[in-house]
Structure formats: structure tokens, C-alpha cells
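Look for chain A in each of the two complexes below; its partner is chain B in the first and chain C in the second.
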Partner chain A sequence: MGFSKSILTLCFVLSIFGSYTVQGQIASDLLVIANEIGSTNLTKKQVIAYAKGEKNFWPNSKKVVIVLPSAKSEIAEAVALTVYKTNSGGMQKYWLSLIFQGRADPPVFLGNDEETIRFIEKNKGAIGFISAKNKSKANDYLIEVKTD
Partner chain B sequence: MIDKKFKLSKPPNHQIQYLFILLCFFSFTKIFAQENNKKLHINFFGHLEYDFDKLSTGNNSYFSIGEQDIFITSKINDRISFLGENVIRYDSKSSSTFIPSIERVQLKFDYYENHSLIVGKMHSPINYWNDVYHHGRLFFPTVDRPLAFSYLVPVHTLGLRLQGQNLGKLKFGYDLMTGNGISSNDFTDLGVNNSLLAAFHVKPFDNFRIGLSYYYDFIKGNYSGAHSGHSTAVHQAALAKYKGNINFELFSFSASYFSDKFEFLNESCVNKSRSDTLGMAINMSNYTYFGYKIKENITPFASYDFIDISNKDVHIGHLSKSKIILGCRYDINHLLNLKFHFARISPNHAFINSHIHQTEPDSYEFKIQMAYGF
Partner chain C sequence: MKIFGSISFKIWIYFSSILFISSGLVIYYFPHQQEKAILKYRGKELQELCRTISLGVELSLDVNDFQKLKKSLSYYQKKRKDFDFLLLMQTDTLLGKESIFEQITDKSEFDFFKIDTSKYLMKSEPFSTPIMDGRVIIGLSKNRVSKEVHETNLPIYITLLVILLITILLFYFVARTISSPINQAIKNAKLLQDNHFESFNILPKNSGDEIAELHNALISLKDSLLYQKQDNKNLLDNLETKITERTDKLNQTLNRLNEAQEIASLGYYSFYDQKNALFCSENIKSILEIETGNINNLEHFKSLIDPEYIEEFEANFTKQPIVPFSIEIRTNVIDGTLDTKKWIAINGKCFTDKETGKCYLSGTIQEITARKNGEADLRRLSQAVKNSFNSIIITDLNQKITWINDSLLKLTGYSREEIIGNTPKMFQSEETDPETKKTIRENLKTFKSFKTEIQNKGKNGTSYWLELYIQPVLNEKGIAEGFMAIEIDITDRIEKEQLIKQYISEIEEREKEIKDINTNLEIKVAEKTKDLELSIEQIQKSQQELIKKEKLATLGLLVAGIAHEVNTPLGAIKASAENLDYLFSKDFFDVINKVSLTDFRQALEFYVSLKDLNSPDTISQRKYAKTIQEKLNLNYPQIPNAFALSKELAIIGFDDISNEATRLLQQENFNEIIRTVRLLLNIQRSLKTISDGALKSSKIIKALNVYSHSSDQTQQSIFKLKDNVDNIIALLWNKIKNNSAVKNNIPENIEISGFEDDLSQVWTNIINNALQASNNKCNIVFDYLEESTHHLITIKNDGPQIPEEVIGRVFDEFFTTKKRGEGTGLGLNIVKNIIEKHQGKINCTSSEKETLFLIRLNKLN
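Let's turn to the complex of A and B:
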């Protein structure tokens, strides 16, 4: 009986961690922002799938527009590692290859968080990443990221 | 005064005109790109090569300019996009030995979620190599394409294609296609029979893709046009005696795994080619590649490639060839890499007894290639 209780307690604790969410945060130093994608929350797995060009449209039928940091951006390496499991050069080659195959539209590469926020403000269906330190500048566009 | 008038009436300098037109073009594309939120993209891909060949007839050592590829994509609206690819490549028949070639012109309409309708000239989605790399030597894991690419695989099709990708948990993808087949070119076709292609793949986990395809074409008059394997037309010229029709079927299978450490690719083709004279010819090819990253940017690799064309085949012609390759790829950065390989090319299968008796000695090659794209 005691053992079953322990198992139940463990399951409860795990379920709490399983539904753990942070507004905008996909990694400790990265936030996800988007404009009119038909939802204010996504799982980490969904963010990665959209950022890898695996989906053409959001559930609200808006075209997915991916905004990524260019090589000179200070978050380029963090995004490349978190989403593409590579470095920023590998991330750019991933996209060059996908575009060359004709299987995806090119993403928009921007140099800093301010440009990313401005672009996402102006483009419905756009999704991108900014540094956690700039959270206050993009409060209206933060996406709640749930762990899978 | 007369001199001045004479000077004014001189024929215009064409070089300056061309320069002006080019400047206008690039200025226009730049403005267009800015006004349309960077919706127009121009990329350039190419390669340079050094070869040393040890042949039975003697040795050759030479440098060569490889294909130079101008690649354009543009978003016309949220659902329609354009892709164009023009390659300037070597052609021995041309006076300058280089000719421009339209490799891809396609309009894609994303009609529902991840389902699209594509119209135009495209790479036939047969096997991994032709679908993913084709001209993009920057993306090639090795220096050369598989042998099947030159003989068996109808590399292009001009027509209609229904495409779906990343569907469901297995990331299922399909390509259903009909268009101008092997005997056609980019302007017309000899007959009324279009080629048919059905290709399917799944990507059950990251970096892994497995796919198969079936291609059918009725080749009128045993003619190879613009869409056959790259070397088929050359062989065809030597086999011009048979002018009848051919039923051409190609079954293909490929499995690929490209992770940050280990790389693997296997692709196979089985071809059934039926003529009125010699009946059914069964041809096959197999290509296997292994690469292992010893450093982030250094990948030694090995591959084994063979092709066996039956002596009953009147389209490609009797052929047996195998190639064992050892090489290395050095990625200088994501826009430039350096590759080299040593290869032994045998007129027989290296590991199993072929029905062909070896008539010529093995040849060897050493190649260095610089591939770029930006």
C-alpha cells in the first residue's frame, strides 16, 4: 500500500513537471514570439517543427513565416543549438539545402532582437526568437512554451 | 566639329550596354526584394575540380570548371511560389564548350496545409540523391554522383506534380507526377504518352529518411531527349540500330541517415526495359555511402557503387561498372567545402561474379573538388 502511494506521489510530481510552462521561454536564455498564429501557447516540439519548416500554415490558416537570427546576432548560436542541434553555420546550411530542394520557403534572417520584434509586429503568421533580456519589449507577442 | 559628329554617330559600346543592363537588373532585383520584404532570393552554386585519371590508354591530369548554378526563388503570394534554376555547364558540342541550361522552372501552389501542386520542370523525385542534391555539390557528401544518376534515373520531368510532406507522426511524404518523359525535351514530346511517377518517403526520426518510388515511361522510337540519365543519350547514339518503342519501368529504394557524427546513404534501382527485339532486360544499380565525422568539419568517407545493364538492353546499352571510393570532406564553412577522393573503377562487379567477362583493366582516379554556394 505504502509502495503504491509512493508511486502515485511520484506520478503526481512528474505530471506537475510534465505540464511545466514558461511564457515565451524555449531555453533558459531564449524566448519565442509570434504574431497571430491562432494560439498563445505551443509545445517545444511544435516550436521546433515550425522553425524547421515542417509546416506551411498555422491552424488559423496564416502562412508560417520563420524569422531566424543571422550569423551576427548574439542569439544565433543559442537558436541553432536549441532548435537545429547544430551551430549557426549548420542552421544556415540546413535552410540553404531545404530551399535548394524546393521543399520550403526561405526564412527571414535578421541581425538583432529589435529587428526581429519589428518584423513580427508587422507580419501576421511570423514566428521568431529573442533574447530573454528583451522580454519586456515584446510582451504582446510572447508565446507560452510547454515542455513536451 | 565634323569629328564631334562622327564621334557621336559611332556604334555604341556593347560592353557598356551590357554592364548598364546588368546594373539595372541587380538594382531592380534589390529594390524589388526590399519592397517585397525580401521575397526574392538569388543564390549561386558551383564547383571547381582537379582530376588525375589513370586509364588503360594513358594518364590525364587536368583542372575543370564545374556547373555554375544560378538559383532564384520568389514568393508570389502566401500560397504561390516560384523556383528557377539555370546552370552553365560544359558541353563538348558548343563552340565555347559551355552552354546555359534551364534545369528547373516551377510554380508551386500550397493548396492545403502541407499539400502542394507543382507545375513546371523539376528534378524527378527518384531516390534520395536526385531529390535532395542534384546540382548542389555544396551539399554532396562526396565528389561524384552515383553511377545510376548517369544511366538509369530520368533526372528531370516537365509536367504536373502533387506533393505532400511531413504528414503525421512518421512525417510521411508523397510525390505523384506526370509529364514529358525520357524521349521528350522541354518544348515538345514525340508521342502522347506521358511518364508516370509515384514516390513515397517517411522520416520516422530526426535525420533519417526512407523512400521508394515507381516510374513508368513509354519511350517512343527508343529516343533519349532532355530528361534521361545524364549519359544515356551518349550511349543511345551508339545503339541507334533499334528504333522501336520501349516500355521502361524503374523501381527505386533509398535509405539515408545524416547525423552530426555518422552519415549513411543507400540507394538502389531495378529497371525493367522491354523492347520488341530482345524482350525484357533487367538492369540494376546500388550505391552505398558511409561517412564519419572525426571533427566537426572533417568527414572521411567510403562508398561502393555498381551498375549492371543487361546485354538484352537496347536503350542504355550493355554495361557493367563498379566504383570503390575512399575520400574526405573538409567543410571550410557552411558556404564552402573541399573534398578529395581516390577511386578504382572496374568494368565488373567487385564482389560478385558478373555475367560479363572482364575485357579491360581497372582504371583509377584522384579528384579534388571545391564546392561553393551563397
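Let's turn to the complex of A and C:
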């Protein structure tokens, strides 16, 4: 009986810790950064919806500008897997399909985290992904990602 | 019609037609060419757009530049209504299959793979990237292009139609303007032709073209004609006066000439050979009875001549004779123009025309039909008299011969010179009857016609007989100027009459001789007839013997079977008798000694109620005994020796423990009673077996007796047909019983009159034949049908079919299909003879299914 109680307690604790994540982190090695999107935190579901072009405007009415890593970027596969549940080629085909149908504006593909951070800095409403190791370079733009 | 033939109409229709054809060609070809051009242009446009989008796709997937793709697509989106679909096709590089990656179309149920590509203008451009290969396809419906062309062209057509109508109207006015002066010129020319100079219409001055020149020429012609007209009029006046005078004189002369010719049935003619021109006077037409028209050429005249005379006519008429000729020819009857053929005499000679110097034939034609007919009559009469087979003599009043025909010369043998000038008495002789001579003399004196027969003599002294007709020859005033005698040679007839008399006497003698021969012949015929009757009687006897032998032969074949049939019931009788002997010698005394009177009475009661039970066979007995024993063990365990008791009950006939059996078992001394009952039943059953066996044997013996009865019977009897057939079935039963069956459906009450034994032979032979043919394996059925005058008996069997080539001969004497020694070939022949003896008929038909004998016996037999 004593052992069961301990397990239940552990589950409760984990559930509490589970709903709280590290700031900007959508996956173990990916961070979400954005510039003036009217909020500093988003749920993972919201991040994916914006990144997939399902929503075109932020709550502050600014237009959503999506920044994605190009195929040569080291986080390309991680972003494709996390957001689009596919590889980088699949991600490109996803956008090809969307643009072909005229349902979204094309995203901006950039080669590395530095370019991504620079683009975010310059474009309000832009959202992008960088590697967790470059967190310190984009502290001002990190978005707190909550689990659902 | 005048309008359609006018110059203005022709000009107008000519130009209008050209205009119509040109417009039609333009309307027909212009839209096609336009559509082709548009399609070409749109094709290029589509191709360019495809290339742009394809490039956009490549940039998007290669370098992640989706902006170019978006721009190229924005162009498509702007002009989207001009296209039907845009497809982004993805190619599976491994399988080589193509699938739709994305498509843009306004059609809700669009399926690219099901559309008819011939109805679409489609262009495609491939793209190739590391991520995906494929192509971009853009298409638009050709119908859309056609519709566009049509919509664009409609106002053009309307405008063209209006222009066409206005042009046609303009052409009409132009044509009228051109034709008006020409029509006036034509009108003036017609006026000149008809000499209406006063109505000549002068046209107003014009520009001096060809039409004006034509008009001026007409005016000059008019003036010239007016001058000539006046000059001609003066000349004509003088000429008419002179001609009138001369014509009057000529007419007078001509009238007189015609009158003379009419009286003489004469006409004149002139023929100009070079022109083939023939002139005939009215009299000639009258002679040839031509009512209308003229005979104006030689062919026409020749058609009026009898073909027989054409050659003669041509020989004289067409050779331009300088010396006058004269021919007599007959005319023809053509199409009823002439009622009868006529004779005409044509005279003529060639003359020379003073003006032309050419020769022409001129002469007369005269009808000579009456003269020619008279000549023909005379000729025919003369020939008839000359060539007559009879002799003809013409004398003068003094009886001197003046004319004879050739037949007289042949008859008498005299020459013409010897006879002419003599009298007919030169032919008479001493044999000539004086009375006949006297009759001739007297009749000649009175000039009467008379007939007689006379015997004369020829030059060589041969006598001949004549039938003589004498009559006076009269001149045109009816006065006798001589005599004519017609002599018919009747010598043959007289001789034949004498011969006939001789023949008649000979025939009478012959008739007498034939009568004598006939008497002898009748006696001989009677003798031969008697011999024949004896032969027939012998044949009938032989036939009867043959039937008897056949019957005996059949009987011989049947004897073994019959013996067996009789032996079986006799065996049963013997066994039953032995059984009875045994019962009475042992069992009966045992029962009498052991059973009380009361029990015996009880047993008798049970016997009476159980005597109708059939005795089961041995196998059934065992089966019943087993069943009863089980029931006894179950229901009557107190009964000792149930096995023996159940056996007794089974022999009695019980198959189970019935009510009666229960009642028996409830009796106090049931063992004794059952034994007694069984004994009584044994006795009763043995007696029944003896009775049945005796009856069966008796039946067979009776049938044998009937069959073997002598067939020499001469008197017919009345007997039952069914019994007659049944007897034979009984005799043949040994053959039938194993694998065959014979069913006799003849009603009981049918009685027939006939020879019973003979008919038995019929049934025997037919049944025997069927059994032999089928190896004793067939079903035979006898049926009967009563007709008003006949008994109809059918015998059918399902044995083998009689072959078609054989069936026609089955009733023939000595015909058999059996092996040598097995059959005589007399069986069915005897059947047929017997049926015919009963004034009946028999037919046989055979099919795969059955063979049928149809017998008709006369009721009045």
C-alpha cells in the first residue's frame, strides 16, 4: 500500500512539472523565437498551427511571417519532424501544396540560426526556430512554449 | 418566264450568285480559320504559363524560393476564368507512375484521368527537383474557344447579311439600267420585222456606246426597208395581172383534161429522179384511193405497190427509159388505205426539161382491175377444164368433136388429130348397150342435160366403163351451139363391185367354218376348267396340310413346357396327399386321444375363424416365430417352452400376438387347442393345394385339347375371343412366365363367329414370333376395339423392331430371318391366310418402341 501511494504522489508531481516547460523550448533542442506577436507564450499546438500557416494573423493583428530553416540548416530535420511530422523535403512539399492552392503566403527559408535571429529582429510578426544552443543570442525574442 | 429570260434578270442573277457563293465561302471558312488561330495563340499562352509555373515549382523545391511560384500562380489566378484546370502532377520515379499532387479547377467533380483529352487544349511542362519530379499541366475546353469565336462572329454575320442584301438590291438597279436600252433596240428590231415602221421608237441621245451604235444601224435599216417596200409593191401589181390571165386559161384546159382522165380512170404523173420528186394528178390519188396528202416521192409510190411487182416497176420506172414503156402491176393494201388490191397500167417515157436540161419521167396511170379480173377468171376456168381428171368433149350441133382435154387422150389412147372432127360414136363398140345409145340420141335431140353409164372401147380394144354427163353449150343469147360431155372413168368401181360380191360369198363360207370350231373349243375349255378346279382343290388341301404341320410343329415345341406346367401342380398334389396321409396316420390320432371334447370344440371355433389365414412360407414362418417368441417372453413370462409355441402360432399364420392369438393364449389348455387348430388348418390347406393343382392341370389340358383339335373343321362356330386367346397364353405359359408378360385386355363378352382352331393358330404364331425374336423377354398386350362392321384386335409387343426392309415381306410364304432349320417361314404366312379365310385383314407396323399387328375380322363372316 505504501508503495502505491508513493507512485501516485510521483505521478502528481510529474504532472505539475510536466505543464511547466523551459522558456522558448518546443522540443529538447529547439527554441521558438518571435517578434511582437502580442504574446510571450504560446502552447505547442498554437506554435504548430501558426508554423503550418493555419493562422495568418497574431492576436495583435500583425501578419504572421513564418521563418523556416532551409534544407542545409542543421535544425531543418528537427523542425520538420516537430512541426510537420515529416522530413525537410516533406515540409517543402507541404508548403508547395499550400502555395499552389493560394491558401498561404510563402515562408522565409534561412540557412542558419544567426540569419533567423536577424530576420526576426527586423520583422515584426515573424516567428522562427533556432537551436537551443543559441538561446543566449535571442533572449529577447524567446517565446515560452507550454505543453497542451 | 419573260422576267427570268430577260437580260436584266440574267445580269442580276449572275452577280448575285457570285456574291452569294463568295459570302457562303467566307462564312464557312472564316470561323474555322479563326478558331484555329485562336487555339494556336492560346496554346502558346498555355505553354508559357506552364513553363513559368514549372520554373516556380523548381525554385520552390530547389532553393526554397516560393515567391516566384506565387507570382506565376497569381497570373493564373487572375485569368482563371479563361482556363479549365491547372494540375501539378507528381511522378513516382521508381514506378514511373504519375499522380495528381495538386489541382486547381472550378469543376466540382473533375477527374483528369477520365476526361476526353481530344476536347481540351492542353499544355504541360515538366520539372525535376531532388524532392519531387513531375509536370505542370494547364488545360482549357475547345468548346469554350468555339463559343468565343461564335460570340465574336455573330455581329460580323449580321453586318455581312445587311451588306449582302444592299448589294443585291444595287445589282438589281444596275442590271435594269443596262438592259433598258437593249430591250428598246430589241423592240425596234421586232417592229421592223413586222413592218410596223410607224411605231419605231427613237431612243434619247446617250453616251455613244455599243447600244447607241446598234440603234443607229436599226434606223438606217428601217429607211432602206421602206424604200424597197414601195418598189416591190409596184412590181407585184403588174405581175399579178399577168398571172391571173394565164392562170384562168390554164385552169380551163386542166379542167377538161381532168374530166377526160376521170372517165378513163386515167391519171398522169411526172418524176424527177435527181430530186426524187414525184408529182401525181388528183385522178391517180382517186385510183389509188388516197384520201389525204400527196404522193410526192418514189418510196411513197412504191409502198402502194404489191411487193411482188416492185422489181418489175423499178426495172422500167427508175431507169429513165427513152423508149416508152408499159407495165401492168398490182397495188398493195396498206393500213386499210385501199379496200382491195387493184390492177393499174403504168405508161411512161423520159423527157428533157428545157430549162434545166435534165431528164424527167412522165406518163399515165390507168386502172385495169376489171379487165385483169376477167382475164384471171378465164384463165382459171381454162386450166380447170384442161387439167381435169375427167375427160371432156365439146361438139358442135352436128356432134362433130371440136375440143377435147388431155384426159380423154390418156383414156382412149387416140391422138388429138384422130379425134378432132370425128363424132363420139368412134368410142362405142359391140359391147355398148343399145338401150344406152338410144337414150343418148333421144336426149341430144331435145337439148336436155342428162346422165348415164356406158361401156366404151379404147384404141387398143380395151373396154372401159364411163359415167357420162351431157349438156348443151349455150352462147351469150342462151341459144345452143353445141354439146359438152364430161366422162368419168368408173371401170375400177365396177370391177370392185364385182369383187365385193365375190368376197361376201367367201366370208359366209368362213363364218360357217368358225361356228364349227367354236363348238369344239367350248368342250376343250370345259375339260381344262375341270382340271384347274382339281388343281386348286389339291393346292387347298396342301395348304391345309401345311397349316396342320405348322401347328404340330408348334405343338412339339410347346410339349416340354406344357409337361412342366402340368407336372408342377401334380407334384403339389402328390406332396399334399402324402402330408394328409401323414397327418391322419399320426397327428390326428394323437390329438383325438389327448384333447378333450370341450377343447376340440374350442379348437374348431378357432379353426373356423382362422381358416382364411394364408400359410406363410418357411422364411416368413421363422421371422413371425421370432417376433411372437419375443412378445411371449415379454408379456407371458409364465408360459413354458415359448419357442415351440411361437413356432406353432407362426405355422397357423400369426405374424404377431394379435387379438385372436391373445384369446387363444388365454384358454386354459391353450397348448392342446393350438395344436388341434394347427392340425385342422394343415388338413384344410393340403386339400386346397390338391384342389388348386388339379384345377390348373385341368386348365392346361383343356387348352391343349382346344389347340390340338383337328383344323379340318369346315363349319364355323361362335366362341368367346378372350377364352380363345387365354388358352394359347396358358399353353405358352412356360415360355412366358420367367421374363415376359402377356396381358389380355379383350373383354369377356366378345363373341366371334369363325374357325376357332385356326384363330388359335394365329395367336400362337404371333406370340411365339414375338417371344423368339426377343429371347423370351418381351411384354405382349392384346386389345380389342369394336367397330360397326368389324372386330378390331391389336397385338403389340415391345420386342426388337422389325427392320424396314423386312417388314413388307413378313407375310410372304417361306420368308424367314431365322437361322436355317430354326424357322420354316410359314408362321406369319399361315396367319395371313387364316385371317383372309375369315374375310379379314392383317397389317404389321414396327417401330423402335413397339411392333403392332392390327387384325380386322368381319362381323358378318
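The rule is simple: the second predicted complex is superposed on the first by the 131 of 148 C-alpha atoms of A that agree within 3 Å, B and C clash if a C-alpha of one lies under 4 Å from a C-alpha of the other, contacts with A are read in each partner's own complex, and residues count from 1 in each chain.
By definition in this document, a contact is a pair of C-beta atoms (placed from the backbone, for glycine too) under 8 Å apart; a residue touches a chain by one contact, two chains touch by 3 or more.
Nothing here was measured: the structure is a model prediction, and the numbers come from that model.
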Fit or clash between chain C and chain B when superposed on chain A: clash
Superposed model, chain A: greater residue contact from chain B or chain C: B
First (chain B), second (chain C), both or neither touched by A:92: both
Touching partner for A:123 - first (chain B), second (chain C), both, neither: first
Partner chain(s) touched by A:106 [first = chain B, second = chain C, both, neither]: both
Partner chain in contact with A:70 - chain B first, chain C second, else both or neither: second
Partner chain(s) touched by A:57 [first = chain B, second = chain C, both, neither]: first
Partner chain(s) touched by A:82 [first = chain B, second = chain C, both, neither]: neither
Superposed model, chain C segment overlapping chain B, candidates 19-27, 37-45, 523-531 or 721-729: 37-45
Overlap of chain C and chain B interfaces on chain A (superposed complexes): 89, 92-93, 96-97, 99-102, 105-106
Residues on chain A engaged by chain B in the complex (per definition of touch): 49, 54-57, 63, 85-87, 89-90, 92-93, 96-97, 99-103, 105-106, 108, 123
Residues of chain B that touch chain A when the two form their complex: 37-38, 41, 43, 45, 71, 73, 75, 78-79, 81, 83, 104, 106, 108, 110, 113-114, 116, 118, 122, 131-132, 136, 138-139, 165-166, 171, 206, 260, 296, 333-335, 373
Complex contacts: residues of chain A adjacent to chain C: 68, 70-71, 89, 92-93, 95-97, 99-102, 105-107, 109
Of chain C, residues touching chain A in the complex: 57, 60-61, 64-67, 69-70, 73, 77, 88, 101-102, 104, 130-132
